[in-house]
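In what comes next, subunit A is part of two complexes: it sits with subunit B in the first one and with subunit C in the second one.
Showing the complex of A and B:
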């Protein structure tokens, strides 16, 4: 994922008044600097951190998966909603892929499509309920989460012997372990640090970048999030946009579920259990507003990468799991405050020069 | 000579890119009603926020009864004795009248709020205002005017000696306004100082004795007696040049033309009965009534946001069943400039370019729904130029604009979409004299170029200036229709008689 991934055109994400604030207030730039600085720091303290195959490869595989999870959350946040069921939707989607491979003996691509369709369908049902009833997304997705928790466990115990689908068609193992080093153009091979699984992340980012940055529907999603009443009166079909946002959210969650399953090698009910917090962290650190109307595709990647780097680095420094979480919490708080401090300092500067 | 309560010298307050206050002097004396005037963006709201501790000043001095003070928070200002009633209501809807009044100084016993002891001080404050309200009633059941009085009572409870009223009459009926004036005079009589902020100069001259005029963050007239100034003096002080009433291009309406929009015996689920009206090309039809007459609700029902239960809506002569504002825009070319620009009109946290082009993305979109950013900006820039919207760039957020410019942005999106009928709801509420004038010319010119306009307004002067015919509505019914002869006194007489007739029928 260190390859340059830039969504087309300008992805809308200025949270501060861009025309007045200096460039270094830019949140994504700050994140990028932080990610690089921390990587260098960990690399200097523990040279093992920069081991491409043993450390960076699994790190980037996790980041690739969690970025898609965070993008799923971002899609819901864009209309000012949230999706508390991202993890369970991922499990739901992955379960269909598992059924497809185990019972129907589908090839890899067909199973992936089945997984995405299932995710999109459950997302659409959720979105429809929200748009139709007007009940808050918090409540509806929380209910969906519980319903899916029961359903997915039930299906696994009914269909499998040890609560996991282990049949893997050709190609899944390649996704798990192949990196760019396995793609060679003549004598030049890619970096062994970059997993091939990241292709899905790149595709998702390009797609969302185009949607939110370039298209009518993307703009309408954001305006629906910014002010639903004004959006409706401006002729935007807000109900359909809410439906679309949740469908997208479900689709991306299912993709993340597939990536997680491919990454670990088994399709099991526990996939996505730890998706919900990272989904909010990645999106919000990257500059997506919880209140809707502002998203950042690139920021979501950087936010997720920051969390991943911190976690891996502290792990290598020998910090135990419990204390690791304490450090992680503190560093995230600092990162979020740093952003606020930057904004305030630059605001004062502009004021003084006025 | 009465005592000086609050005085400030050379107040300065800076925001990024703008010196909102740049040397403001103000002296408030006990027992006076002080008018604070200025156009939108002149710094009135900022001054109020500085005086009530919301913003801390970047320069200048503030003294209370001769002693320098620093107000660090609204609570501190309230404890000092400065109360404020903002333009928007700031009560807690679920709490009772008494709870709201005593909110800042709740009677407490051993650290717990003493609910029983609340009623007495609340009733005392209400009686002082001459208001009869049940202190146990939840605030959400009260009318806007009653809520405003509760807020004034709340300020009395904290023993405010300076009371700031920001546009208190914006949503009041004439009777309610008179009542409010009585309360204000009584407060001044007791030795308080009431600061009255309003765009309606008639009210200012009827009520106030001293005046401060702000222009571009400076006080161009500081605490002078109002008696020495004429209406025109004040206006030219506010706008900074002699105020000339330029004539508008003459405009004639072809009364034989086929109506663009016609309502025939329309009834709605919201309670409208038997509403009939017609708007012809190039005609401005006024829909006049007091707040609560059901005018905006009628328009929203026609646009599909509420059910039309009987009668017929015809667009260009053929019956139309409009199910949503989207269909109204794309199929029938009807645009609705909403009354409530902050909640329904503009997207405050979004760039201006998106605010304007939201209605035309469908037209601009290429394959895969791609909207070329260049064309989008061209459309927006064209309208910004046409309407003279003052912005620093198309990427600026709409929320950073002044009220008048926000309203122009809200209008611009419909002009961008080339609508064939425009409904304009209360276009100049909270808009200053100059912008109001510019807006009137804009609406006039649109009609001159053949656009039919349905104008909703509670401002009778505005109606008489703009409308060709005025349809009068009260209680969700049409009470009559008058042809406008542009003579204010005659028109207001006829309209008030129409409204009055209905009261007689009812009683």
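Showing the complex of A and C:
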């Protein structure tokens, strides 16, 4: 599901069968092997790791939420931009869902729609500012992050008693605790490890996969990221594509905020506080380029899953919370360095064989 | 007579040009804000003690803003500013409180560690060719973990009384930590504007290709900028350790956003090659004024974030409008009487 607008020199390499990149360059395959190998390793060392209800279910719920966060980052990265405000956009969206449930007594679906609309709106405002002023997305989203950080906590302290919306309509609790085991087709039930919350992740992945892989707009987004000048010259309204990418990013961030709120059961201002690092980890480990033009929807899921498995596994092995961050940082650096070495080596091989 | 008029005219022209710069606008904002606060607090804002408190907590924003500015000037970002500062502050505190290291040695160790981390970051960026954003994101994560491992959930406050005295010392109501920050700014300005090394940094940031063609190693400049940034963060950490009642794992947690706000409001371009030492210092003043106003009217601390975010967005949008207007007014001038 990788979609890329490659620079001209790599396109023939991928197309012609004669001198293809070797298979081990495929980042997603490596990630998949790594995720499975690590899961097996942790499962052997600590059999509790494979406990479906107590370990795998929360793990997959976290992975499902963080994948959507990483997809939100990926949408911004696809046009070569960043969204430093993913976490705060998630909090912003979740706040609207909370207001909808608490003050307007909306049903679950309506609150979700309100949440998504709020996220898309704030993303669109950010995108419009970036496209209109031409200022780096880093600055604009950083400033948006500041502003939303203040705004969201002000709204919570103005609207609630104890800084959280606790009213939950029917259905939210089900989302939190139901797994596929609660869906039965006759006598056959699903696995209790897969949370129902994952349906949103699957939908988001399918949607983005179709957008980037199968539509003209998706190609235009990638081209805008790969080479804005060329995109402009080939008649692509780059400003509008940037706006679209940031709107998508805000929409997905809000969805992640809703998922995080549903997962913990309360709508509070601290939702999304720790979203920034995972958003970049998942997307970048999955093969999405920071410079734009290359995205990988499946890779994003695998990258997030890898981080989640490592986190959970180290946790079960008794590595303290304080050291987890040290390992995660090292893993990020190692993975990227390894990737870099792999690319350089395989590139040399390809060059030699031609 | 005519020369005097000439001089007056020239001075007026210089003044007019200055009045359009970001620095002048910031200066105006600082003065207006201070006067407004003075009025609002019915005359107590300019009293000795409140000036002292104001300046005391201004040192860290100035220093972290400068640290970020140095990284920005070669076109890099340093996301690890807060984490490195917090780690260094905790390291200094733990060395003094738990291991009985004398203050001078502990401060020295803190500065050296921060500089070394900056150096390693720079080397990692140059060696792996990974985007500096990701590398500093990784070092940020690692340092956060290291800081947490160092102090856990406790607050280290049993450290040297000498350092604490220095931190709260304020001859003429001007705190020493503020003097340190201003001294660092002046030194940095001198290095950037007056020495070859500073010029090289700016050249490498402004146009890497041209810099390389004229014999400047951009890799070395990137390493140098990150090292210098680390050193400045180290100084910020020392001032924070000296003026805070104790260090814990939350030190540095809220440094990242202000470190970007100061240079950006101060007029530094994120693309590299430009620098504004005075502007950054003034921008730190502005953010501190917002904080002081928040305290004056006893508002929710969240207002500060909201306002700073809006100010940065406003600066960005305003700067763009200014640019387009400048472009419109100066564009026809190269060929007067042309087709337009």
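Operating definition for what follows: the second predicted complex is superposed on the first by the 324 of 354 C-alpha atoms of A that agree within 3 Å, B and C clash if a C-alpha of one lies under 4 Å from a C-alpha of the other, contacts with A are read in each partner's own complex, and residues count from 1 in each chain.
The rule is short, and it goes like this: contacts are C-beta pairs under 8 Å (C-beta built on N, C-alpha and C of every residue); 3 or more make two chains touch, one makes a residue touch a chain.
Keep in mind that this is a model prediction, so the values were computed, not measured.
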item: Contacts of A:293 with subunit B and subunit C, given as first, second, both or neither; value: first
item: Touched partner set for A:178, first subunit B, second subunit C, both or neither; value: neither
item: Touched partner set for A:237, first subunit B, second subunit C, both or neither; value: first
item: Subunit B versus subunit C as contact partner of A:219, first or second or both or neither; value: first
item: Which superposed partner A:128 touches (first subunit B, second subunit C, both, neither); value: neither
item: Touching partner for A:140 - first (subunit B), second (subunit C), both, neither; value: second
item: Subunit B versus subunit C as contact partner of A:324, first or second or both or neither; value: second
item: Interfacial residue positions of subunit C with respect to subunit A in the complex; value: 77, 124, 128-131, 133-135, 137-146, 148-149, 152, 257, 260-261, 264, 270-271, 300, 302-310, 312-313, 316-317, 319-320
item: Of all residues in subunit A, those that touch subunit C in their complex; value: 82, 129, 132-136, 138-140, 142-151, 153-154, 157, 277, 280, 284, 290-291, 320-330, 332-333, 336-337, 340
item: Subunit B partner contacts - residues on subunit A that touch it in the complex; value: 9-10, 12, 14, 17-21, 210, 214-220, 222-223, 226-227, 229-237, 293-294, 347, 350-351, 354
item: Footprint of subunit A on subunit B - complex, ascending; value: 14-19, 58, 303, 305, 324-326, 328-330, 336, 338, 343-351, 354, 358-359, 361-362, 364-365, 368-371, 373, 392-393, 395-397, 400, 413
